[in-house]
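Below is one structure, written out as structure tokens, with a few remarks after it.
To keep things simple, chains are lettered A, B and C as they appear, and every chain counts its residues starting from 1.
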Amino acid sequence: MKRIYFDHSATTPVHPEVVATMMEYLTDKFGNPSSVHSFGRETRKAVDEARAKVADLIGAEPNEIFFTSGGTESDNLALKGIAYANRKKGNHIITSAIEHHAILHTCEYLANQGFQITYLPVDQYGMVSVDDVRNAITDQTILISIMFANNEVGTIQPIREIGKLAREKKIFFHTDATQAVGHYPINVKEDNIDLLTMAGHKFNAPKGVGALYARRGVRLESLQQGGAHERNMRAGTENVPGIVAIGKAAEIAKRDMNEQIAHLQGLRDKLISQVLATIPHTQLNGHPTQRMPGSVNFSFHFIEGESLLLNLDLKGIAASSGSACTSGSLDPSHVLLAMGLTHEVAHGSLRITMGLGNTEEEVDYLLEVLPEIVARLRSMSPLYGA
Amino acid sequence: MYTDKVMDHFTNPRNVGEIKQADGVGEVGNAKCGDIMRIYLQVENNIITDVKFKTFGCGAAIATSSMVTEMVKGKTIEEALEISNQAVAEALDGLPPAKMHCSNLAADALHEAIRDYHEKHK
Amino acid sequence: MKRIYFDHSATTPVHPEVVATMMEYLTDKFGNPSSVHSFGRETRKAVDEARAKVADLIGAEPNEIFFTSGGTESDNLALKGIAYANRKKGNHIITSAIEHHAILHTCEYLANQGFQITYLPVDQYGMVSVDDVRNAITDQTILISIMFANNEVGTIQPIREIGKLAREKKIFFHTDATQAVGHYPINVKEDNIDLLTMAGHKFNAPKGVGALYARRGVRLESLQQGGAHERNMRAGTENVPGIVAIGKAAEIAKRDMNEQIAHLQGLRDKLISQVLATIPHTQLNGHPTQRMPGSVNFSFHFIEGESLLLNLDLKGIAASSGSACTSGSLDPSHVLLAMGLTHEVAHGSLRITMGLGNTEEEVDYLLEVLPEIVARLRSMSPLYGA
């Protein structure tokens, strides 16, 4: 059976050009960049070039990019790194209720260390309000961390305005841009961003590599002790193939971005309009227009997400859900609940995230099988027609 | 993740539906945790002659509901009361550990339906 | 020019079989192991299989293996993880003066947090004494961390005996086995090891993946907050290609170990005896017999390491040195100094570490060019013949 991948927010396939580029660094060019001999010099050069490409994608300088093992590590480094380095200035951090667990659980950890955390609410579309940020600021506030685009519903936050406010108030501003980097235009200077998280595997580089952008002059405490790698910000032998790969992925993302956005927005808008038109008792979750180009999230009332996913999987379609039952946790998605959805409606959510390689034929196939599956599950549901 | 038996009952659930004038109806679970199961019984001479279910829930929830209806049909009320959630899970060749608690409620729904039958036929 | 790689302690080439195995996970099988659909299930299975292979290499159980981004992260997790989880039991940690910076700098960090650190000395061969360990233990001691084999001089420590002592005293025992795993027989049960660090790139897996073994029942505090990955010990999407690779490398290492050890010991012993016989004023650093199969370290008196390395590099030979000048620091190798070498002699050190692919012809070529280079540098040295 041909399989269709509609779960690009979970992870993405590695771009074939990225695989081709990194291969050399999995074979001949295997030196440790810290070595002075030729094997080391050639990988040092490759790491430097990749750093420049990653910087270029987001309008940063190369020495503002620090390579890490992924989005979670970058989030931890940004939050704890700023918190520990600025303890004397204040102990208050502002974030939102819809952040990824890499932010929320790090905030809980910091709360245990004596930091005060404000979790801002969102509106029904999953949007943070700039006024709420302004009102939350105290003279103890050292950091604001608001995600660029939400991983579940795709809502894009008013980053530039929050960044402007933060800069006026001389508060560091971090954005977890794991879902946006490579898929949406970002310029850290114009967007007033001090720190930014990215993960390679979310934009067609492999898993195991990420980066943190930290504006020149932003002082962070390093979390991992050892050698002097990454200008003392992140000890450990550099993941050269991964770094080369994220560099190449950044280059490709920049090159293809406009075309990709147009393509994915077309698919997205077709999917949204057709599903809402053909399947009753269905709602779109997330913002109607301020949303990631390839991201769709529906709730089909009266049914549960995991059984929907299993049925799609049997038809060869990979998607995801905010249902608690898919994650083994007890509560459904904290994002959907924060947007005011009831538990039932949150349980019935379906996330379709499109990206590299997805075609209109694939969307048409989904549109063909989805109504039947929803109807069948509804016919089994004690909530439907009751 | 799921056994072949679970997938079989999930894809071809047995006895889905309602019984209009049921002798007993039982419902357990709540939408908060993502599982609601309702079981309808028809009883003649202390024997369960027909049984139907409706379930809102994950693959495990649907499969356990389907399985319990198969296990109970033709049994006496006393025999039906013997069926445990554990027995349902075993009949499906097991469930993933994370699913053992929240989705494995089908026997509870059955017992609720029997309780309702007793109430109505006191 | 044909290049010869004699720097396997810095990093190793990826085994061709490892590259072949991981390729599938850089292309078709790219799912996130946390996803419930078929793309996720196939990578979850691959991660599980890799875990079993890594466990098998060191005689552990699969659920005692936690994947990380490398040796440095595993060292940090072991030391801080144990220290934070056992604060109430005591605040004393015993390590050695010749550990890698990933241990030493982590210990310094912990010292700043109020922990007491004892750095045990070593003898002239770079060996820690079990009696010194015993004498250092206090009722506050919660952890002993002694490396399995030293990365500069190759000396293998009395791990089993230290482990036995630690177990008698009910103190956790960690070993940084980054240099030994895959190259030397290790059995965590027989060797009485509670925690063990490994890094993929030191045994023919790629950079960017490592593991920490933690014996069942050993409680650690996790250092990175986020999702529930690695049984809540290490948040972040799993580096699937890297994990598959370290699994395959572990399988190959186990399969080929005896043969490799015999081959490398042959090369090592030939190199040592010939160099000592043909180049005067030369000493072998490290233990004469208790040393890693492929590891050699000489000091050539009256010359400086970096100029030696550059000359070898011009001849196509990649090696390394404990000279300060190769690392950009001011002091030469802390390991050589701890073994009692003078600064001058430490500066003149040359590390040759052999591994996968090295041949006798390559050793012969080194034996051919080395005497000339040493003679030429000595002829330029004001210390020589003075």
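Here are some notes:
Throughout what follows, a contact is a pair of C-beta atoms (placed from the backbone, for glycine too) under 8 Å apart; a residue touches a chain by one contact, two chains touch by 3 or more.
Chain by chain, the UniProt names read as follows: B = Iron-sulfur cluster assembly scaffold protein.
These figures come from a predicted structure and were not determined experimentally.
If the chains shown are joined wherever they touch, the resulting network is a simple chain of contacts running from one end to the other without closing. In terms of the distance between Cα centroids, chain B is separated most widely from C. Spacing of chain B relative to chain C, judged by their CA centroids, is 57 angstrom. Centre-to-centre separation of chain A and chain C, using mean CA positions: 34 Å.
One inter-chain figure worth recording: chain A and chain B are separated by 40 Å, centre to centre, where each centre is the mean of the chain's CA atoms. In chain B, no residue touches two or more other chains. Among the residues of chain C, those touching two or more other chains are numbered 36.
The touching residues of chain B, counted against chain A in their complex, run 2, 7, 10-11, 13, 16, 27, 31-38, 54-62, 98-99, 102-103. Considering their complex, residues 302-307, 310, 314, 323-326, 328, 330-332, 342-344, 347, 379-383 of chain A touch chain B. Residues 3, 5, 7, 10-14, 16, 19, 22, 26-27, 30-32, 34-40, 69-73, 75-76, 100-102, 105-106, 108-109, 199, 201, 206-209, 223-228, 235-242, 306, 309-310, 312-313, 317-320, 326-327 of chain A are the ones touching chain C in the complex.
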